Each structure stands twice: as structure tokens, then as C-alpha cells.
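Letters A, B, C and D mark the chains as written, and numbering starts fresh at 1 in each.
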Amino acid sequence: MTWVRQLLAIDRRIIFLLVGAGAALPLLFPLNLPVAVTPRVRAAYDAIDALPPGSKVLLSMDYEPDIMAELFPMSVAVLRHCFRKHVQVIAMTLYPAGTGLGERAISTAAKAEGAVLNRDYAWLGYKSGFQVVMIGIGENLRGMYPVDFYGTPLDSIPVTRHVNSYAQLQMVINLSGSSAADYWIQFAQGRYHAPLVIGCTAVMATDYYPYLSSKQLLGLIGGMKGAAEYERLIDTFGDARRGMDAQSLVHLIVVGLVIVGNAALFISKRSGGDGGGPASGSMTR
Amino acid sequence: MTLQTWIAAFLTLCVFSFLYKDNPFYRFAEHLFVGAAAGYLLAVQWQNVLIPNVWTPLLHDHKLVVLIPLALGLMMLARAWDKGAGIARWSLAFYVGIYSGVAIPGYMQAQIFAQLADAAKPFAPGWGAVNSALVLVGLLTVLAYFFFSAPHKGVHGAGARVGIYFLMVAFGASFGYTVMARVSLLIARVQFLLRDWLHVLPGP
Amino acid sequence: MRRGPLLLTFLSGAAIAALFFIPHYRAQAANSMLLEWTLVVYAFALILGSISLWNSHARKVRNRAEGWGFSVVTLVSLLAITALGVWKGVGEGTPVDWIYNTVNSPLASTMFALLAFVIASAAFRAFRARSVEATLLLVTAIVMMIGRVSIGELISHRLPGITEWLLDVPNLAAKRAIAIGVGLGAVSTALKIILGIERSYLGRS
Amino acid sequence: MVRSGFVTPELDTRWFDPARLNVLIGILLFTAFLVVNIFRARAKGTLYVRPIAGLKALDEAIGRATEMGRPVLYVPGLSDMSEVGTFAAITICARLAYRVAEMGCDIDVPCYDPVVMTVLDGAVREAYSKAGKPDAFRPGCVHYVSAQQMAYVAAVNGFMLRELPAANIYMGSFYAESLLLAETGARTGAIQIAGTDKVTQLPFFVCACDYTLLGEELFAASAYLGREPIQLATVIAQDWAKALAAAAIVGALVLSALGHPALQTWLKVA
């Protein structure tokens, strides 16, 4: 069974090429496969949709450019939804490099929905220290942010004028790719009982199911796929939905590789081969 | 704008070249990245922490209480010399003490009690009860797996075995989702190269 | 020798833990103040770290170690960006912001994107159904990968429902047990530190 | 405290939040478990903790590195002192450095967090002097790399490919970097042992490493390595708490079914 051995010893670079092509081709020749909406994303959408016009939400966009692929389209989609429902957004970030991204997400969404700075939203910008800021807002928002990103005192901004802590907010939305999400659960939700919706990278998504079940989270938007679902819910077509064909194809390639790799190993073992090198891992008990 | 795109595209390709093998381009990108990241973080701390939390309150508002964290910070710097280890220990002691103190009630509330309360809520009616029961079984058996003070034998051993199956399904779920996340990031990078750099894709 | 620092750990830790239970506004203000102090300490630690980084690369340059030229790149970029940031700021529109978007951000994103390739290669070579456990893991992963994207729905309408069940039941159960276990581990470690049982952080194992 | 604002919130002047009583009781109970077990451990001299497979492999790995005359790479996770995984990483590193010093091979510890670097530097130094070889300590073996995740990975990957450490040990809190590090390590043929409390990353370590400590095993390991009774006592205390948690869940369920939801209500955090 030499062909099996040859297959198992295939140069990794061929696999890399395959993946690269899988990501690029659907972008060049899109198929526009349908995007199904999953319950947790719908729950997040419904929670925001149920807010009466004039409600205020705190939106913290805690990510840096390295993972913006997943969270930036999500930010735009959520913001557009809020603006459409005339929900007032107080936006901030806990990452210094998130400032530019946050501002861009807001201006993109505001332009699309005709929202106006200070009337429909406020942009507070960056403040350092996760726990410090979250606890600080619970105590006194102005202690953390005396002025907004542009230097306007919060009292001069209609959106923030009557907001002093979580108590005057109808919801906290956190879009993050790090442990910031855990701290929002621990502090904004746990300590101050703010209703919380989280959007996160797909990697993190499965970890938050216990919090959904315990209603500590009202909804969960996971990764670029979650963003694509949200885009579909608000009926827009952004970067997340554009990437979904490539997503499907590369997933198929990875699944194919797992199956072929295992099948080849199986055949080579049955024919008495060594299985193409040592096992590279062992399960520890 | 174009200069920026070209540099970014060049650096993107430098890193991708690592897939072929380690090479001077990757090494250059790696060393540039390390220096740039360290410099950026230092500058950010300077502008966002040292200026607003130390400099301004001390020199403009004359808040002397700021001298305490300043002293603790300077004591930390003493670590740069071998002899300063004893001095730096005080800053570490404070820093570690604070974060331990925050962790105790934080974890107890959000991670333990909240989860216990939800696990203890009555079963859902109808078919939901089957799922509720499965969740309970999974929870108890995984806890059994992580029970260290008895060997995995008898009932406890059997429970731990079931627990590991639940763990594996959970790992599989995380795994699938992680693949999804990484693929998304690759797609965005390819989008950047094809759209912003080579202009073969239409704009957003 | 270490009694002083241990006492400081105990006092600061016990104080901030106690403040959790005291809703009094003055107590909460003290709480915030203590947390802000840690930010300052961290900033100084970062300076210390950067000195360490500088030293290790400067040593390579001084000794003309293999690849010392690359270390020059690190030293120059570290110095230049720190200086620019301190001088001109780091906000929108500053030179440091431009450098961040041109250098740091694409480098970090591309490092992340490498992961997709590495995963694919590992999928072929390393992800083996060697045991019942590993098989369960792989089968779940495959169902997830297919079931959560558009193609899954084209294959079967039931797939998304199955993935949701996997997330909602077995995944939830295991993650909850882990959350409780890790939570207890965290509380226990923190208590050990505050009570002075765990001292490795002070350089004593 | 309130400097401005049209809304003047009522200032809270309570000295205790009764809604958090359950959390307080939980903490006191757990502290009691800890103290009781420390006394038990002192009286008995040791306590049983089940063996953890990956730990035996640590000695093997150091042995191999010594034979080959190559360094041991210790990656203490990519988190700061607010994460418990980091503390486990520090304890394990101290014990490991002691063995490394004894056997006379070299260790390299690249750090992500500057505070962690300071701590580890002290711990490794101390380990060398405890092993009776303070002069063998190489200044700079514990060093800061970058507090930016991917810059850190780029540098450590480069180190692995160029210095070819014989053993790579990953202990602590890991995130996206896990597979990038472990895969590069596997390419160099090093023995790899990992342990993390970040469950999301476990499948990748399991696939690419020779041994993996799962979740909480990381915490137990740091206690286990020392074999000090007091450290083991904390593992037992956690077990007691787990047993109590399980009992509370089952108890609350049964009581609710019998029409007494008091326990379930009490568990709820207000």
C-alpha cells in the first residue's frame, strides 16, 4: 500500500495551498449560499429588538484589529439595528487599538441609518483597565469618563445626560474577543445586574452556554457566522455574509482532511504499515 | 493610503512565507513585530495610565495619595538590578494581593453560585426533562472526573468514564468553533489582499 | 525578610474582598482607587519588561550573535515607537496610530490567519480517532464544522438543530462542571495567596 | 463623589449587602474546608491525591534535554497575575527549575506579562540556589518578549525553530496561540507537555503534545509536584467543595420537587 504511505507523507505545503485556494476562490466567484439563523443569535436580536425607542444601551467594543474580521461586521450590524429601533447607544472600548475601529464601526452604521452623534449615540472612546472601568461605571460613569472621546462633558450630551451608572441603562452589549467578556459577566451582570448580550469570537462562543442557560446572558452572537446571521436578521449584506461561502468551503476541506487522514491511517494499519509516523499526541487521564 | 497598503501587504506576505519555511523575511517581520508591539504598549501605558493617573493628579490636582501607587511602581522598577529584588517584592505583594482579593468573591458569585442555582432549577416539562436530566448527569460525572482525592475505581470510576465522554463532546464543540474562527480570520486576510491591495474584488 | 510583603498581600487582598460585600459609597470609591493603583504598578512593570527585552537584544548585538542584525530591527522599532508615542501621543491620527495600523495590525491578523493553515495540516496528520474519546471529539467537531455553516443546511435541515442540541446539552453540562471546578480552583488559589500558604510569587517555592 | 449630572443617585450608605450573604457563607465554608484539611495534612504527614500522568513525563523531558545538551523551553501561559492559571504556572515553573538546576541543563522562560516575568525571575533564581547551584543561573533566561499575543508567538516560534529546545512545556492560561506554538514545537521534534485551564484550547494541545493536563489538573499539578502536605490539602478542600456543590444541586432539586424551593432560591445570587 505504498500509495497510502505517500498520501500520509504528503508535503504540508500542498495542504496549505488547498486551504488558500478554498478561501480565495469563493470570494472571487461567490455562490451566495443561504445563511440560517441560529437560536442564540435570534435571542440576541430579539432582546435588542424588544427595547422600546429611546432606551439606552452601553456598547463596549473590546477588540483590536487582529480579530476584527469576526467582530467588526458584528459591531456594524448591532449598531445599525439599534439605530433603526431608535435605541440610544453609548459606545466605548477597553482596548487602546480599538478606538479607531469602534469609531469606524459607529460612523459606518450611523451613515447607513442616518443616526446623529450625541442625539442618537455617544462615543466615549478608550479607558484602561477592565475591572476598574466596569466597577467604575457601576459606581459613577463620570468618574470613568468625565468627557466623551471628543472632549464634550457628558452632561452636554443628550444621550448621556441622565446616565450615571448601569441603573439608567436598559442593556449592556459587549462585543469582545478576550476575557473582557468574562469580566462583563462578573461585574456588569453579576455585581450590578445589568441585562447583558455578548458577541464574541467563535472560539469563545461555546464557553458561554452555561451563562445563557442561567439567563446571565440574554443572547450570544458567535464569530463571523453569528455576524452573518445578524446581518441577515436586519436584512443587510456585509463582509460577514460575503465571507460565508469561503467559510463553508474551507470547513469542507478541513473535514475532508480529517476523514482522509484517518481513513489512510486505517488502511495502512490493516496492511501492516506503521501508520505514517508516530502518533503526535496521547490522551492523558 | 497606498503606501500603508503596500507595507501592510508586504508584511502579510512575510508572515505567510513562514508556511513555506523559516526565512529571513519572516525573521525580519518577527523582530519588527516584537519591537513595534513593545514600543506601542509602552507608549499606550504612558499616555493612558501614567499621564492621567499619576502625572495630572499629582501636578495639577495636587492629590498626594497618588504618591502611593507611584512609589509602588518605582519599587517594581528596582527589579532591574539584582539587589532590588527585595524592594520589588513589596509591589508584587500588593499587586497579587489585590487581584487575589478581587478573584475570591468574583468567582464565587458569577462562576460558582450562579451556575449552581441554574443547575438546581427544576426540570423543564415534557421532553425538556430528558435534556435537563442529561445535563445533570453530565455535570455530576464531569465533577467526578475532576475529583482528585480518590482513585478512579468502582462507581466513582464509572462516573468519571461517563464524564470524560461529556468532556470530549464539549471539546469537539469548542474545536469545531475554533476552526470556524480561524477560517474567518483567514478569509478576512484574503479579502484584504484581493480587495484592498490587488483590487480584484469589488469594494465593500 | 518576607514577612512584610506577605502581610501586605494579606491586607490588600482581604480589604478588597471585603469591599465586595460593602455597598457603602465610600467603600466603593476605595475599591476603585485600589484597582487604579494596580494599573500604575502594571505600567511600571511594563517598563521593566521593556528593559529586559532591550537587554536581551542589545546583548545579541554586542556579542555579534547569529542574526544580530534582526535584533537591531527590534531595538530600533522599540525605541522609535516609544519615543514617538510619548512625544506625539497614540490617539487617532498620530504617527504611532499610523504605524500600528500599518505594521502591528496586519502582522497580528496574519499570524492569526496562519492558524487556519496550521489547523488544516494538523487535521490531516494529527487529529486521529485513536480511542473512543478521540473519536467522540472528532465526530462532534465534524458535525459542528458542517452543521454551523450554510453547506450543512443544504446537506440536511436537521444538522443545525443537532449542533444546537450538542451545544445546549452535553457541552453545557461539561462546561458548567468545568466552570465550577475552575472557579473553586481560583478561589482556592486566591485564598492560599492571601493566607500566605502560596508564596511562590515572592520567589519562594 | 458625584461631581456632576442631573441625576443624583441616592448614595448607598449600607455597610453590608444582605443579598450577598450566600457568597460570604460560601467563602467562609470553603476557608473552613481549607483549614481543616491543612490540620489533617499536618497530622497525617500526607494525603492521597490520584496520580496525574503528564507529571511523570516532566522528569523524562528534562532528562532527555540534559542528554541532548539542549535547553528546556517553559512557556508560562499568556495571561497576567489576575488569572489563577498563571499562579499554577509559576509554582510548576519553580519546581521544574529546581529539577533543571539539579540535572544541570538550561531553561528558557519567555514571558508575556511583565509582572509575571518579575515573579518568575525570582522563582527560578531561588530554585537554582535551593538546588545548590546559584552560579549556574543564567541571567536573562527568564525574559520578557511581548505583551502582544501574536508578537509573542512569532518570537517564541522563531526561538523553537532556531534553538531547537529538546522539551517544550506549556503551563498556564493559553488562548489562540496554543496550536501555533504546539504545532511548531511538534515540527522540531521536541517532547511537548501542556496543561491549561482554558478548555477551548485543550483539543489542540491534546492533538499536538505528548501529554496534556486537562483543566483543573493544572491546579492539582502545582500542588502535587511539591508533594507538600499543605498544598495537597488545598486539592482535598476543593474536592470537598465539589462534593458539597453536587449535593447542593441534587438536594435542591429533590426539595423543589417536594415543594420546598428554599434551597434553590438561596443559591440564587441577587
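Note that a residue touches a chain if its C-beta (ideal position, glycine included) is under 8 Å from a C-beta of that chain, and two chains touch if they have at least 3 such contacts.
All values derive from a computational prediction rather than experimental measurement.
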More contacts between chains, B-C or A-B: B-C
Approximate Å spacing (C-alpha centroids) for the pair chain A, chain C: 17
Euclidean distance of C-alpha centroids - chain B vs chain C, Å: 3
Mean-CA-position distance for chain D and chain B (Å): 14
Touching two or more other chains - residue numbers and ranges from chain B: 15, 18-19, 27, 29-31, 33-34, 36-38, 40-41, 44-45, 48-49, 76, 79, 85, 89, 92, 95-96, 99, 102-112, 114-119, 136, 139-140, 143, 146, 152, 164, 167, 170-175, 177-180, 182-183, 185-186, 188-189
Chain A: positions in contact with at least two other chains: 16, 19-20, 23, 66-69, 96-97, 128, 131, 139, 143, 190-191, 203, 206-207, 210, 213, 225, 247, 250-251, 254, 280-283, 285
Residues of chain C whose C-beta touches two or more other chains: 17, 20-21, 25, 28-29, 35-36, 38-39, 41-42, 45-50, 53, 67, 90-91, 100-101, 104-105, 107-109, 111-112, 114-117, 119, 121, 126-127, 133-134, 137-138, 141-142, 145, 148-149, 167-168, 171-172, 175-176, 178-182, 184, 186-187, 189-191, 193, 201-203
Chain-level touch network, classified as line, ring, star, complete or other: complete
List of chain C residues in touch with chain A within their complex: 20, 25, 28-29, 31-32, 35-36, 38-39, 90-92, 97, 100-101, 104-105, 108-109, 111-112, 116-117, 119-121, 123-131, 133-134, 138, 141-142, 145-146, 148-151, 153-154, 160, 164, 167-168, 171-172, 175-176, 179
Chain D-facing residues of chain A, complex: 66, 131, 139-140, 142-143, 146, 153-155, 161-165, 167-168, 178-179, 190, 203-204, 206-207, 280-285
In the complex, chain C residues that touch chain D: 17, 20-29, 41-42, 45-50, 52-53, 55-56, 59, 66-67, 104, 107-108, 111-112, 114-115, 118-119, 121-122, 126-127, 137, 141, 175, 178, 180-182, 184-193, 195, 197-198, 200-205
In the complex with chain C, residue positions of chain D that touch it: 1, 11-17, 20, 23-24, 27, 30-31, 34, 38, 80-81, 84, 87-88, 90-91, 94-95, 98, 111, 113-115, 117-119, 122-123, 125-127, 130, 140, 143-151, 153-154, 162, 176, 179-180, 183, 186, 197, 199, 203-204, 206-208, 215-216, 219, 226, 230-231, 234, 237-238, 241-242, 245
Chain A-touching residues of chain B, taken from the complex the two chains share: 19-20, 40, 44-45, 48-49, 102, 106-107, 109-111, 114-115, 117-118, 152, 164, 170, 173-174, 177-181, 183-191, 194, 200-201, 204
